[in-house]
């Protein structure tokens, strides 16, 4: 028996929109501790990891572990039928091949239920080791999204370099070259607008802009984004989900000698 | 001689936008009592009926009955040239093959006139008998539009069922199935937000969602929509046009034994 | 050595957007007096002339005259990376084949630089004689843009006629015919909303609406537009750029005997 209730239903809408561009089918893993998901993008280059802790839900009952395969695009279609202020309830019987989404309007005058067929998805769970990172940058998620979008109009890859002074995004293309530097600044009016850098040593890595732009679909989930980098390791782009968990994107750097 | 003047010109803009998706060509029938129109959609499945009473106009002169054939898309093009706060005037001489649309800006500093050629359209007038309906539901037009749009992402047809408790919209498609229930509620802050049900006996009918979605183009005309249903009769979806009349859409139910 | 600094960087963004639709490649001419540009549209029918005076910049240093060829679409791509409140700086060394665009955020926490390759463009400079015009109309730029757009849904050409009473825009097409008259009115609440006419003798000229619509891409630059006309001369459609200069569009009238 699975029963979840989330008054802030729009969080679930945003989570699914955040990964829809990258992930086609995925298993949602339900356990007493919460909901988690791990999925590679269709070209097997980027990894998405989601965690929604049970404490973040207004009601959470999960009698035994369930792994439920869903087509993310179909889930997105259903969740688009929920208004932003709707309460969202998920229900599934043990051994059922369907999951039910229920959307309650705040005034209780409208009630929608959707039964969706589950899928059988083969999924090799990757162990993601907790790593130490050479540099961890926290910045405004909107700023990060804007930079990735802007650089995409110039080139295909971005070099992200972190020093004590700031984080630099560089690209190069047919038109010319571009560098965007965000300086560390912690003395701003609002803490969520600051750019903070924790750095053990400078690091500089190259990534495909296409994936970075997909990651920024998670921007509505959080005012800030955390970018964790170490040489020869995948970057982690993390958006916290208020009081519930996070969505993390992993992307291996490009190995290039020609820069 | 035909002379019409409507200070709230935007009503006319909305009326034409409301039927543009369904109707290609139609006769506007002018008489001393007002303007009316009856037209089938191009696939001859749905019927549109419009009434704008002469009392609703700021000036209305119609010396003798005129039936003027117009291409709705062309009328829409002309009316899009009118600003929302423009006064709209229609003029036609007897036996003229053109009609003139005049748009006056409220400050009288801009005056636009458009002469449009009329068309000869064969039109069999259908007598629509005033019927008794088993169930009449009045609900927010925006809610109805949202529900038709949402269900379209799941299936192609909608089963509309009315009971004393409420109105239920159901569909089924490749993804799964969906039910949306709006409960009767009359104790809301604003009467135009209430859902009211007058019912003699429960009724449940199946319709093509495509047409329902076309009908909802009339949503800007009215805060509420009235849905009148009886077994084996076309549903009537009516949007009142403030102090002027209405636009009504008729659609025959689908006969299906497989539900 | 070239160094320009413009705190109101959005002006530069708007200037480039204003001519992007008409001009593919063009030489920007830098001298101690400012920046100017002259370019024909790709079909060699319309002419664009731009002037940005050095006094309008917050810093302007130009040691010797430079003519720098740029692809307008590429410049637009770069400038779209500048936020509306960014300060824009242009830098170029003498004899360099690149120009650098620098965008500074107002809080100085973000700094972007873009190096763009310059092009070699053949450009015959046309002498545009200062002419006397039979009629000069000043009107709201938004109104002019709206009229050109509205008439495009009816016909392909516009006859612009000026009399003491007002300016009339007429077109004719498959649907019918249209006339829009803006009356001279100087007694409005805000002077920038007035329509003023200086006229020596009535004039009536025919133009391709397609070009007029392209000119109106400059609408964000100014609340008013000035239309100067004389028989058998190109019309001048001018948008002033606050305290800096102007962008002017020239278009030869169509010679038609069939009206």
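We call the chains A, B and C, going by the order they appear; numbering starts again at 1 in every chain.
The rule is short, and it goes like this: contacts are C-beta pairs under 8 Å (C-beta built on N, C-alpha and C of every residue); 3 or more make two chains touch, one makes a residue touch a chain.
Everything quoted here is computed from the prediction, not taken from an experiment.
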Problem set entry | Rotational angle, Cα trace of subunit A fitted to subunit B, multiple of 5° | 120
Exercise. Taking shared residue numbers divided by all residue numbers at the interface, is the value for subunit B and subunit C over half (same) or under half (different)?
Worked result: different
Exercise. Between subunit B and subunit C, what is the gap in Å from one C-alpha centre to the other?
Worked result: 44
For this session: Quick one: which residues in subunit A touch 2 or more of the other chains?
Result: none
Problem set entry | Complex contacts: residues of subunit C adjacent to subunit A | 71, 74, 77-78, 80-81, 83, 98, 107-117
Seminar exercise, completed: The residues of subunit B that touch subunit A in their complex are 143, 146, 150-151, 153-154, 175-183, 185, 188, 195
